[in-house]
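Chain nomenclature is as follows: A, B, C and D, assigned in order of appearance, with residue numbering initiated at 1 for each chain independently.
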Amino acid sequence: MTISLEHARTIIEATRAKGRELGLKPLSVVVLDAGGHVLAFEREDGAAPGRFAIAQGKAYGSVMLGMAGSAQMARAEQQAYFMAAVNGVYGGQVVPVPGGVLVRGEDGGVIGAVGVTGDTSDNDAEAAMAGIAAAGLKGEA
Amino acid sequence: MTISLEHARTIIEATRAKGRELGLKPLSVVVLDAGGHVLAFEREDGAAPGRFAIAQGKAYGSVMLGMAGSAQMARAEQQAYFMAAVNGVYGGQVVPVPGGVLVRGEDGGVIGAVGVTGDTSDNDAEAAMAGIAAAGLKGEA
Amino acid sequence: MTISLEHARTIIEATRAKGRELGLKPLSVVVLDAGGHVLAFEREDGAAPGRFAIAQGKAYGSVMLGMAGSAQMARAEQQAYFMAAVNGVYGGQVVPVPGGVLVRGEDGGVIGAVGVTGDTSDNDAEAAMAGIAAAGLKGEA
Amino acid sequence: MTISLEHARTIIEATRAKGRELGLKPLSVVVLDAGGHVLAFEREDGAAPGRFAIAQGKAYGSVMLGMAGSAQMARAEQQAYFMAAVNGVYGGQVVPVPGGVLVRGEDGGVIGAVGVTGDTSDNDAEAAMAGIAAAGLKGEA
(Lines give C-alpha, C1' and ligand atoms only; values in the text may rest on other atoms or scores of the structure.)
Protein backbone atom coordinates (compact mmCIF):
# COMPACT_ATOMS: atom_id res chain seq x y z
CA MET A 1 0.00 0.00 0.00
CA THR A 2 1.30 3.42 -0.90
CA ILE A 3 0.19 6.88 0.08
CA SER A 4 -1.58 8.71 -2.75
CA LEU A 5 -1.93 12.40 -3.53
CA GLU A 6 -5.60 12.06 -2.57
CA HIS A 7 -4.57 10.76 0.86
CA ALA A 8 -2.16 13.66 1.18
CA ARG A 9 -4.76 16.25 0.21
CA THR A 10 -7.24 14.82 2.71
CA ILE A 11 -4.60 14.78 5.44
CA ILE A 12 -3.67 18.41 4.81
CA GLU A 13 -7.29 19.56 4.68
CA ALA A 14 -8.24 17.74 7.88
CA THR A 15 -5.07 18.81 9.72
CA ARG A 16 -5.82 22.44 8.88
CA ALA A 17 -9.46 22.02 9.94
CA LYS A 18 -8.32 20.60 13.28
CA GLY A 19 -6.02 23.56 13.71
CA ARG A 20 -8.89 25.97 13.22
CA GLU A 21 -11.11 23.94 15.57
CA LEU A 22 -8.42 24.09 18.29
CA GLY A 23 -7.71 27.77 17.63
CA LEU A 24 -4.07 27.10 16.72
CA LYS A 25 -1.72 29.57 15.01
CA PRO A 26 -1.38 29.31 11.21
CA LEU A 27 -0.12 25.83 10.34
CA SER A 28 2.16 24.46 7.67
CA VAL A 29 1.62 20.81 6.73
CA VAL A 30 3.73 18.51 4.59
CA VAL A 31 3.08 14.91 3.54
CA LEU A 32 6.03 12.73 2.52
CA ASP A 33 5.93 9.32 0.87
CA ALA A 34 7.67 6.16 2.08
CA GLY A 35 10.95 7.35 0.55
CA GLY A 36 10.85 10.69 2.36
CA HIS A 37 9.95 12.64 -0.78
CA VAL A 38 7.44 15.50 -0.79
CA LEU A 39 3.96 14.63 -2.02
CA ALA A 40 2.03 17.73 -0.96
CA PHE A 41 2.42 20.83 1.20
CA GLU A 42 0.40 23.86 2.26
CA ARG A 43 1.44 26.89 4.36
CA GLU A 44 -1.40 28.94 5.81
CA ASP A 45 -1.42 32.72 5.40
CA GLY A 46 0.31 34.43 8.31
CA ALA A 47 2.83 31.62 8.90
CA ALA A 48 6.51 32.59 8.80
CA PRO A 49 8.14 32.08 5.38
CA GLY A 50 10.59 29.41 6.56
CA ARG A 51 7.98 26.92 7.72
CA PHE A 52 8.34 24.49 4.81
CA ALA A 53 11.79 23.43 5.99
CA ILE A 54 10.66 22.88 9.58
CA ALA A 55 7.64 20.80 8.52
CA GLN A 56 9.74 18.77 6.13
CA GLY A 57 12.44 18.26 8.76
CA LYS A 58 9.94 16.84 11.23
CA ALA A 59 8.50 14.42 8.67
CA TYR A 60 11.79 13.54 6.99
CA GLY A 61 13.50 12.35 10.16
CA SER A 62 10.40 10.30 10.98
CA VAL A 63 10.47 8.41 7.69
CA MET A 64 14.21 8.02 7.44
CA LEU A 65 14.59 6.65 10.96
CA GLY A 66 11.18 4.95 11.19
CA MET A 67 10.73 6.88 14.46
CA ALA A 68 8.01 9.46 15.13
CA GLY A 69 8.82 12.94 16.47
CA SER A 70 8.22 12.20 20.14
CA ALA A 71 10.55 9.19 20.04
CA GLN A 72 13.18 11.30 18.28
CA MET A 73 12.83 13.99 20.93
CA ALA A 74 13.26 11.46 23.72
CA ARG A 75 16.45 10.23 22.06
CA ALA A 76 17.69 13.82 21.56
CA GLU A 77 17.14 14.54 25.24
CA GLN A 78 18.99 11.40 26.33
CA GLN A 79 21.75 11.51 23.76
CA ALA A 80 21.95 14.88 22.01
CA TYR A 81 25.16 13.98 20.19
CA PHE A 82 23.50 10.95 18.61
CA MET A 83 20.68 12.95 17.04
CA ALA A 84 23.19 15.60 15.98
CA ALA A 85 25.21 12.88 14.25
CA VAL A 86 22.07 11.47 12.62
CA ASN A 87 21.38 14.94 11.33
CA GLY A 88 24.85 15.07 9.87
CA VAL A 89 24.39 11.92 7.83
CA TYR A 90 20.97 13.10 6.63
CA GLY A 91 22.29 16.45 5.41
CA GLY A 92 20.92 18.47 8.33
CA GLN A 93 17.31 17.79 7.36
CA VAL A 94 16.02 16.30 10.63
CA VAL A 95 13.98 18.28 13.21
CA PRO A 96 13.51 15.82 16.11
CA VAL A 97 10.39 17.07 17.90
CA PRO A 98 6.67 16.24 18.00
CA GLY A 99 4.76 17.23 14.90
CA GLY A 100 6.62 14.62 12.87
CA VAL A 101 4.11 11.77 12.60
CA LEU A 102 4.50 8.39 10.90
CA VAL A 103 1.71 7.20 8.60
CA ARG A 104 1.03 3.47 8.66
CA GLY A 105 -1.00 1.48 6.16
CA GLU A 106 -3.39 -1.40 6.76
CA ASP A 107 -0.63 -3.93 7.42
CA GLY A 108 1.13 -1.59 9.84
CA GLY A 109 4.02 -0.73 7.53
CA VAL A 110 5.22 2.87 7.26
CA ILE A 111 3.87 4.40 4.06
CA GLY A 112 4.86 8.00 4.72
CA ALA A 113 4.96 10.79 7.27
CA VAL A 114 3.30 14.08 8.06
CA GLY A 115 5.11 17.15 9.38
CA VAL A 116 3.20 19.98 11.01
CA THR A 117 4.59 23.25 12.41
CA GLY A 118 3.18 26.55 13.60
CA ASP A 119 1.84 26.06 17.12
CA THR A 120 3.38 24.16 20.05
CA SER A 121 4.96 20.86 19.05
CA ASP A 122 2.27 18.91 20.91
CA ASN A 123 -0.57 20.80 19.24
CA ASP A 124 1.12 20.35 15.87
CA ALA A 125 1.16 16.59 16.49
CA GLU A 126 -2.48 16.51 17.61
CA ALA A 127 -3.58 18.25 14.41
CA ALA A 128 -1.52 15.84 12.31
CA MET A 129 -3.08 12.81 14.01
CA ALA A 130 -6.56 14.13 13.21
CA GLY A 131 -5.56 14.68 9.60
CA ILE A 132 -4.21 11.16 9.19
CA ALA A 133 -7.31 9.63 10.80
CA ALA A 134 -9.52 11.58 8.38
CA ALA A 135 -7.75 9.82 5.50
CA GLY A 136 -8.54 6.43 7.03
CA LEU A 137 -4.89 5.81 7.90
CA LYS A 138 -3.08 5.21 11.17
CA GLY A 139 -0.78 7.83 12.65
CA GLU A 140 2.02 7.40 15.17
CA ALA A 141 3.10 10.65 16.79
CA MET B 1 -0.18 42.61 -3.17
CA THR B 2 0.96 39.22 -1.93
CA ILE B 3 0.12 35.73 -3.11
CA SER B 4 -2.18 33.84 -0.73
CA LEU B 5 -2.63 30.15 -0.05
CA GLU B 6 -6.01 30.37 -1.80
CA HIS B 7 -4.26 31.71 -4.92
CA ALA B 8 -1.76 28.89 -4.67
CA ARG B 9 -4.44 26.21 -4.31
CA THR B 10 -6.33 27.56 -7.30
CA ILE B 11 -3.14 27.69 -9.37
CA ILE B 12 -2.27 24.09 -8.54
CA GLU B 13 -5.79 22.81 -9.20
CA ALA B 14 -6.08 24.60 -12.55
CA THR B 15 -2.55 23.64 -13.62
CA ARG B 16 -3.35 20.01 -12.97
CA ALA B 17 -6.69 20.29 -14.79
CA LYS B 18 -4.87 21.76 -17.79
CA GLY B 19 -2.44 18.85 -17.69
CA ARG B 20 -5.30 16.35 -17.85
CA GLU B 21 -7.00 18.32 -20.63
CA LEU B 22 -3.78 18.24 -22.68
CA GLY B 23 -3.11 14.60 -21.85
CA LEU B 24 0.20 15.38 -20.16
CA LYS B 25 2.19 13.00 -17.97
CA PRO B 26 1.72 13.28 -14.18
CA LEU B 27 2.64 16.81 -13.09
CA SER B 28 4.25 18.26 -9.98
CA VAL B 29 3.38 21.87 -9.23
CA VAL B 30 4.90 24.24 -6.68
CA VAL B 31 3.92 27.82 -5.82
CA LEU B 32 6.50 30.09 -4.18
CA ASP B 33 5.95 33.50 -2.61
CA ALA B 34 7.85 36.69 -3.52
CA GLY B 35 10.78 35.63 -1.31
CA GLY B 36 11.14 32.23 -2.99
CA HIS B 37 9.58 30.31 -0.08
CA VAL B 38 7.21 27.37 -0.63
CA LEU B 39 3.52 28.13 -0.21
CA ALA B 40 1.98 24.95 -1.66
CA PHE B 41 2.95 21.87 -3.65
CA GLU B 42 1.32 18.77 -5.12
CA ARG B 43 2.89 15.80 -6.92
CA GLU B 44 0.52 13.66 -8.95
CA ASP B 45 0.53 9.89 -8.53
CA GLY B 46 2.91 8.24 -10.96
CA ALA B 47 5.40 11.14 -10.99
CA ALA B 48 9.00 10.31 -10.08
CA PRO B 49 9.87 10.86 -6.40
CA GLY B 50 12.40 13.62 -7.03
CA ARG B 51 10.01 16.01 -8.74
CA PHE B 52 9.65 18.44 -5.84
CA ALA B 53 13.23 19.66 -6.23
CA ILE B 54 12.86 20.13 -9.99
CA ALA B 55 9.63 22.10 -9.65
CA GLN B 56 11.12 24.22 -6.86
CA GLY B 57 14.31 24.81 -8.84
CA LYS B 58 12.35 26.12 -11.81
CA ALA B 59 10.33 28.49 -9.66
CA TYR B 60 13.14 29.50 -7.29
CA GLY B 61 15.47 30.75 -10.01
CA SER B 62 12.57 32.68 -11.52
CA VAL B 63 11.86 34.58 -8.29
CA MET B 64 15.45 35.11 -7.24
CA LEU B 65 16.55 36.49 -10.61
CA GLY B 66 13.23 38.05 -11.62
CA MET B 67 13.56 36.08 -14.90
CA ALA B 68 11.13 33.41 -16.12
CA GLY B 69 12.33 29.97 -17.22
CA SER B 70 12.51 30.69 -20.93
CA ALA B 71 14.68 33.78 -20.37
CA GLN B 72 16.92 31.77 -18.06
CA MET B 73 17.23 29.05 -20.70
CA ALA B 74 18.18 31.61 -23.36
CA ARG B 75 20.89 32.96 -21.08
CA ALA B 76 22.14 29.44 -20.27
CA GLU B 77 22.41 28.69 -23.98
CA GLN B 78 24.34 31.90 -24.69
CA GLN B 79 26.51 31.92 -21.59
CA ALA B 80 26.48 28.54 -19.88
CA TYR B 81 29.16 29.50 -17.35
CA PHE B 82 27.08 32.46 -16.17
CA MET B 83 24.04 30.36 -15.30
CA ALA B 84 26.32 27.76 -13.71
CA ALA B 85 27.82 30.50 -11.56
CA VAL B 86 24.37 31.83 -10.65
CA ASN B 87 23.47 28.34 -9.51
CA GLY B 88 26.55 28.30 -7.33
CA VAL B 89 25.57 31.45 -5.46
CA TYR B 90 22.01 30.14 -5.00
CA GLY B 91 23.14 26.84 -3.52
CA GLY B 92 22.51 24.76 -6.62
CA GLN B 93 18.76 25.37 -6.46
CA VAL B 94 18.17 26.80 -9.95
CA VAL B 95 16.75 24.78 -12.88
CA PRO B 96 16.88 27.21 -15.83
CA VAL B 97 14.26 25.87 -18.26
CA PRO B 98 10.61 26.59 -19.16
CA GLY B 99 8.13 25.55 -16.53
CA GLY B 100 9.43 28.23 -14.18
CA VAL B 101 6.81 30.99 -14.49
CA LEU B 102 6.74 34.39 -12.78
CA VAL B 103 3.47 35.48 -11.17
CA ARG B 104 2.76 39.19 -11.38
CA GLY B 105 0.20 41.14 -9.35
CA GLU B 106 -2.06 43.98 -10.44
CA ASP B 107 0.72 46.57 -10.52
CA GLY B 108 3.01 44.28 -12.52
CA GLY B 109 5.36 43.48 -9.63
CA VAL B 110 6.56 39.90 -9.10
CA ILE B 111 4.55 38.35 -6.25
CA GLY B 112 5.74 34.77 -6.64
CA ALA B 113 6.47 31.99 -9.09
CA VAL B 114 5.11 28.65 -10.18
CA GLY B 115 7.25 25.65 -11.06
CA VAL B 116 5.83 22.76 -13.05
CA THR B 117 7.60 19.56 -14.08
CA GLY B 118 6.58 16.22 -15.52
CA ASP B 119 6.01 16.63 -19.25
CA THR B 120 8.09 18.58 -21.80
CA SER B 121 9.30 21.93 -20.50
CA ASP B 122 7.03 23.79 -22.92
CA ASN B 123 3.96 21.79 -21.91
CA ASP B 124 4.86 22.31 -18.24
CA ALA B 125 4.92 26.07 -18.88
CA GLU B 126 1.61 26.02 -20.76
CA ALA B 127 -0.11 24.26 -17.87
CA ALA B 128 1.38 26.73 -15.39
CA MET B 129 0.15 29.70 -17.41
CA ALA B 130 -3.40 28.27 -17.41
CA GLY B 131 -3.19 27.76 -13.64
CA ILE B 132 -2.06 31.32 -12.99
CA ALA B 133 -4.78 32.75 -15.24
CA ALA B 134 -7.41 30.73 -13.35
CA ALA B 135 -6.35 32.57 -10.17
CA GLY B 136 -6.89 35.93 -11.86
CA LEU B 137 -3.15 36.65 -11.92
CA LYS B 138 -0.69 37.31 -14.72
CA GLY B 139 1.96 34.75 -15.64
CA GLU B 140 5.23 35.28 -17.49
CA ALA B 141 6.69 32.05 -18.81
CA MET C 1 3.29 46.92 3.24
CA THR C 2 6.87 46.17 2.28
CA ILE C 3 10.15 47.49 3.59
CA SER C 4 11.87 49.89 1.18
CA LEU C 5 15.52 50.77 0.68
CA GLU C 6 14.78 54.17 2.21
CA HIS C 7 13.47 52.45 5.35
CA ALA C 8 16.60 50.32 5.41
CA ARG C 9 18.94 53.29 5.03
CA THR C 10 17.18 55.16 7.82
CA ILE C 11 17.31 52.10 10.07
CA ILE C 12 21.03 51.65 9.49
CA GLU C 13 21.85 55.32 10.01
CA ALA C 14 19.82 55.57 13.22
CA THR C 15 21.13 52.25 14.56
CA ARG C 16 24.68 53.47 14.06
CA ALA C 17 23.87 56.85 15.65
CA LYS C 18 22.46 55.03 18.69
CA GLY C 19 25.63 52.99 18.89
CA ARG C 20 27.76 56.13 19.01
CA GLU C 21 25.43 57.73 21.57
CA LEU C 22 25.77 54.66 23.82
CA GLY C 23 29.51 54.42 23.22
CA LEU C 24 29.25 50.94 21.71
CA LYS C 25 31.98 49.14 19.78
CA PRO C 26 31.87 49.38 15.96
CA LEU C 27 28.56 47.95 14.73
CA SER C 28 27.53 46.00 11.65
CA VAL C 29 23.89 46.37 10.65
CA VAL C 30 21.89 44.41 8.08
CA VAL C 31 18.28 44.89 6.97
CA LEU C 32 16.45 41.95 5.36
CA ASP C 33 13.09 41.99 3.58
CA ALA C 34 10.11 39.75 4.42
CA GLY C 35 11.66 36.87 2.49
CA GLY C 36 14.98 37.03 4.36
CA HIS C 37 16.86 38.67 1.46
CA VAL C 38 19.45 41.41 2.03
CA LEU C 39 18.27 44.94 1.34
CA ALA C 40 21.14 46.94 2.86
CA PHE C 41 24.19 46.49 5.07
CA GLU C 42 26.96 48.57 6.60
CA ARG C 43 29.98 47.49 8.66
CA GLU C 44 31.69 50.24 10.64
CA ASP C 45 35.44 50.68 10.44
CA GLY C 46 37.21 48.65 13.09
CA ALA C 47 34.67 45.83 13.13
CA ALA C 48 35.99 42.31 12.49
CA PRO C 49 35.78 41.18 8.84
CA GLY C 50 33.31 38.36 9.46
CA ARG C 51 30.55 40.52 10.90
CA PHE C 52 28.27 40.40 7.85
CA ALA C 53 27.47 36.73 8.40
CA ILE C 54 26.73 37.23 12.10
CA ALA C 55 24.41 40.16 11.44
CA GLN C 56 22.67 38.28 8.66
CA GLY C 57 22.34 35.15 10.79
CA LYS C 58 20.62 37.09 13.56
CA ALA C 59 18.15 38.67 11.15
CA TYR C 60 17.65 35.62 8.92
CA GLY C 61 16.54 33.31 11.69
CA SER C 62 14.16 36.01 12.92
CA VAL C 63 12.40 36.31 9.56
CA MET C 64 12.37 32.63 8.71
CA LEU C 65 10.94 31.55 12.06
CA GLY C 66 8.92 34.69 12.77
CA MET C 67 10.71 34.81 16.16
CA ALA C 68 12.99 37.60 17.37
CA GLY C 69 16.48 36.91 18.73
CA SER C 70 15.56 36.85 22.41
CA ALA C 71 12.80 34.28 21.81
CA GLN C 72 15.22 32.19 19.76
CA MET C 73 17.78 32.37 22.56
CA ALA C 74 15.20 31.26 25.13
CA ARG C 75 14.33 28.28 22.95
CA ALA C 76 18.02 27.44 22.42
CA GLU C 77 18.57 27.47 26.17
CA GLN C 78 15.58 25.20 26.82
CA GLN C 79 16.03 22.88 23.87
CA ALA C 80 19.47 23.24 22.35
CA TYR C 81 19.00 20.33 19.94
CA PHE C 82 15.89 21.96 18.47
CA MET C 83 17.64 25.20 17.54
CA ALA C 84 20.59 23.18 16.23
CA ALA C 85 18.19 21.23 14.02
CA VAL C 86 16.52 24.42 12.83
CA ASN C 87 19.93 25.68 11.85
CA GLY C 88 20.48 22.52 9.85
CA VAL C 89 17.36 22.99 7.77
CA TYR C 90 18.25 26.65 7.16
CA GLY C 91 21.76 25.86 5.94
CA GLY C 92 23.54 26.92 9.11
CA GLN C 93 22.49 30.53 8.66
CA VAL C 94 20.78 31.14 12.03
CA VAL C 95 22.43 32.96 14.96
CA PRO C 96 19.84 32.68 17.80
CA VAL C 97 20.71 35.58 20.12
CA PRO C 98 19.49 39.14 20.74
CA GLY C 99 20.37 41.60 18.02
CA GLY C 100 18.02 39.84 15.60
CA VAL C 101 14.96 42.09 15.61
CA LEU C 102 11.68 41.65 13.71
CA VAL C 103 10.30 44.65 11.83
CA ARG C 104 6.52 44.90 11.79
CA GLY C 105 4.42 47.08 9.49
CA GLU C 106 1.26 49.03 10.28
CA ASP C 107 -0.98 45.95 10.41
CA GLY C 108 1.45 44.08 12.66
CA GLY C 109 2.70 41.68 9.97
CA VAL C 110 6.42 40.92 9.72
CA ILE C 111 7.90 42.95 6.85
CA GLY C 112 11.56 42.25 7.50
CA ALA C 113 14.25 42.01 10.15
CA VAL C 114 17.33 43.85 11.34
CA GLY C 115 20.52 42.15 12.50
CA VAL C 116 23.08 44.04 14.57
CA THR C 117 26.40 42.75 15.88
CA GLY C 118 29.50 44.26 17.44
CA ASP C 119 28.77 44.96 21.10
CA THR C 120 26.95 42.81 23.67
CA SER C 121 23.85 41.11 22.26
CA ASP C 122 21.58 43.25 24.42
CA ASN C 123 23.24 46.49 23.33
CA ASP C 124 23.07 45.33 19.71
CA ALA C 125 19.32 44.83 20.14
CA GLU C 126 18.84 48.22 21.81
CA ALA C 127 20.55 49.98 18.92
CA ALA C 128 18.44 48.06 16.40
CA MET C 129 15.22 49.02 18.18
CA ALA C 130 16.21 52.70 18.01
CA GLY C 131 16.97 52.37 14.32
CA ILE C 132 13.62 50.76 13.55
CA ALA C 133 11.73 53.40 15.54
CA ALA C 134 13.52 56.14 13.59
CA ALA C 135 12.04 54.70 10.40
CA GLY C 136 8.54 54.88 11.86
CA LEU C 137 8.27 51.09 12.11
CA LYS C 138 7.75 48.74 15.01
CA GLY C 139 10.55 46.49 16.24
CA GLU C 140 10.32 43.29 18.27
CA ALA C 141 13.62 42.32 19.85
CA MET D 1 45.73 52.01 2.43
CA THR D 2 42.44 50.34 3.23
CA ILE D 3 38.92 50.94 2.00
CA SER D 4 36.72 52.61 4.61
CA LEU D 5 32.98 52.53 5.16
CA GLU D 6 32.90 56.16 4.00
CA HIS D 7 34.53 55.11 0.72
CA ALA D 8 31.99 52.34 0.40
CA ARG D 9 29.03 54.65 1.05
CA THR D 10 30.30 57.14 -1.52
CA ILE D 11 30.84 54.38 -4.08
CA ILE D 12 27.32 53.03 -3.59
CA GLU D 13 25.71 56.47 -3.76
CA ALA D 14 27.59 57.47 -6.90
CA THR D 15 27.05 54.10 -8.59
CA ARG D 16 23.32 54.41 -8.02
CA ALA D 17 23.35 58.02 -9.27
CA LYS D 18 25.10 56.89 -12.45
CA GLY D 19 22.48 54.20 -12.90
CA ARG D 20 19.70 56.77 -12.72
CA GLU D 21 21.59 59.10 -15.09
CA LEU D 22 21.94 56.28 -17.64
CA GLY D 23 18.34 55.13 -17.14
CA LEU D 24 19.39 51.66 -15.97
CA LYS D 25 17.13 49.13 -14.26
CA PRO D 26 17.19 49.03 -10.42
CA LEU D 27 20.74 48.26 -9.30
CA SER D 28 22.23 46.32 -6.40
CA VAL D 29 25.71 47.39 -5.31
CA VAL D 30 28.13 45.70 -2.92
CA VAL D 31 31.55 46.86 -1.72
CA LEU D 32 34.00 44.27 -0.39
CA ASP D 33 37.26 44.89 1.43
CA ALA D 34 40.70 43.50 0.51
CA GLY D 35 39.82 40.19 2.18
CA GLY D 36 36.62 39.75 0.18
CA HIS D 37 34.38 40.58 3.15
CA VAL D 38 31.23 42.69 2.84
CA LEU D 39 31.60 46.33 3.90
CA ALA D 40 28.35 47.78 2.55
CA PHE D 41 25.44 46.90 0.26
CA GLU D 42 22.26 48.43 -1.09
CA ARG D 43 19.53 46.90 -3.29
CA GLU D 44 17.23 49.38 -5.01
CA ASP D 45 13.46 48.93 -4.81
CA GLY D 46 12.16 46.86 -7.69
CA ALA D 47 15.28 44.69 -7.99
CA ALA D 48 14.76 40.93 -7.71
CA PRO D 49 15.26 39.55 -4.16
CA GLY D 50 18.28 37.41 -5.04
CA ARG D 51 20.50 40.25 -6.22
CA PHE D 52 22.78 40.35 -3.17
CA ALA D 53 24.33 37.00 -4.07
CA ILE D 54 24.96 38.02 -7.70
CA ALA D 55 26.58 41.33 -6.72
CA GLN D 56 28.71 39.63 -4.10
CA GLY D 57 29.72 36.87 -6.51
CA LYS D 58 30.97 39.41 -9.05
CA ALA D 59 33.03 41.27 -6.45
CA TYR D 60 34.20 38.21 -4.53
CA GLY D 61 35.79 36.51 -7.52
CA SER D 62 37.48 39.79 -8.42
CA VAL D 63 39.16 40.15 -5.02
CA MET D 64 40.00 36.50 -4.54
CA LEU D 65 41.62 36.12 -7.94
CA GLY D 66 42.88 39.72 -8.28
CA MET D 67 41.12 39.72 -11.70
CA ALA D 68 38.27 42.04 -12.66
CA GLY D 69 35.00 40.71 -14.12
CA SER D 70 35.89 41.21 -17.78
CA ALA D 71 39.15 39.29 -17.38
CA GLN D 72 37.30 36.51 -15.58
CA MET D 73 34.74 36.37 -18.38
CA ALA D 74 37.47 36.11 -21.01
CA ARG D 75 38.98 33.21 -19.10
CA ALA D 76 35.56 31.55 -18.71
CA GLU D 77 35.00 31.80 -22.45
CA GLN D 78 38.40 30.31 -23.25
CA GLN D 79 38.49 27.70 -20.53
CA ALA D 80 35.06 27.17 -18.94
CA TYR D 81 36.27 24.20 -16.87
CA PHE D 82 38.97 26.31 -15.25
CA MET D 83 36.53 28.94 -13.97
CA ALA D 84 34.15 26.16 -12.90
CA ALA D 85 36.99 24.62 -10.90
CA VAL D 86 37.89 27.99 -9.40
CA ASN D 87 34.28 28.29 -8.32
CA GLY D 88 34.51 24.91 -6.68
CA VAL D 89 37.43 25.90 -4.50
CA TYR D 90 35.75 29.20 -3.60
CA GLY D 91 32.52 27.54 -2.48
CA GLY D 92 30.52 28.48 -5.58
CA GLN D 93 30.69 32.18 -4.79
CA VAL D 94 32.21 33.48 -8.05
CA VAL D 95 30.16 35.11 -10.85
CA PRO D 96 32.71 35.73 -13.64
CA VAL D 97 31.19 38.57 -15.68
CA PRO D 98 31.56 42.35 -15.97
CA GLY D 99 30.15 44.28 -13.06
CA GLY D 100 32.85 42.89 -10.77
CA VAL D 101 35.35 45.75 -10.51
CA LEU D 102 38.64 45.89 -8.62
CA VAL D 103 39.32 48.93 -6.44
CA ARG D 104 42.94 50.08 -6.35
CA GLY D 105 44.50 52.48 -3.87
CA GLU D 106 47.09 55.19 -4.45
CA ASP D 107 49.99 52.73 -4.79
CA GLY D 108 48.04 50.56 -7.23
CA GLY D 109 47.40 47.73 -4.79
CA VAL D 110 43.96 46.09 -4.65
CA ILE D 111 42.09 47.40 -1.61
CA GLY D 112 38.67 45.93 -2.41
CA ALA D 113 36.09 45.32 -5.10
CA VAL D 114 32.68 46.50 -6.16
CA GLY D 115 29.94 44.24 -7.53
CA VAL D 116 27.00 45.68 -9.43
CA THR D 117 24.02 43.82 -10.91
CA GLY D 118 20.64 44.73 -12.37
CA ASP D 119 21.19 45.93 -15.93
CA THR D 120 23.45 44.48 -18.66
CA SER D 121 26.84 43.40 -17.37
CA ASP D 122 28.55 46.21 -19.29
CA ASN D 123 26.23 48.87 -17.92
CA ASP D 124 26.67 47.45 -14.43
CA ALA D 125 30.43 47.85 -14.83
CA GLU D 126 30.14 51.40 -16.17
CA ALA D 127 28.08 52.45 -13.16
CA ALA D 128 30.59 50.82 -10.79
CA MET D 129 33.51 52.67 -12.42
CA ALA D 130 31.71 56.00 -11.92
CA GLY D 131 31.08 55.14 -8.28
CA ILE D 132 34.71 54.25 -7.61
CA ALA D 133 35.93 57.43 -9.31
CA ALA D 134 33.58 59.50 -7.13
CA ALA D 135 35.36 58.12 -4.07
CA GLY D 136 38.72 59.26 -5.46
CA LEU D 137 39.83 55.69 -6.07
CA LYS D 138 40.86 53.80 -9.18
CA GLY D 139 38.63 51.09 -10.66
CA GLU D 140 39.57 48.24 -12.98
CA ALA D 141 36.56 46.67 -14.69
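We adopt the following convention: contacts are C-beta pairs under 8 Å (C-beta built on N, C-alpha and C of every residue); 3 or more make two chains touch, one makes a residue touch a chain.
Since the model is a prediction, treat every value here as computed from it, not as a measurement.
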item	value
Copy pair subunit B, subunit D: interface residue numbering same or different (half cut)	different
For subunit A paired with subunit C, centre-to-centre distance based on mean C-alpha positions, whole Å	30
Centre-of-Cα separation between subunit D and subunit B, whole angstrom	30
Interchain centroid distance [CA atoms averaged], subunit A/subunit D, Å	44
Geometric centre distance via CA averages, subunit D-subunit C, whole Å	25
Touching two or more other chains - residue numbers and ranges from subunit A	49-50
Touch-based graph of the chains, sorted into line, ring, star, complete or other	other
Subunit C residues touching subunit B - in the complex, by the definition given at the top	33-37, 91
Residues of subunit D defined as touching subunit B within the complex	46-50, 53-54, 56-57, 76-77, 80, 83-84, 87, 91-97
Residues of subunit D touching subunit C in the complex	4-5, 8-9, 33, 35, 37-45, 49-50, 52
Complex contact set, residues of subunit B against subunit D	34-36, 63-67, 79-82, 84-92, 109-110
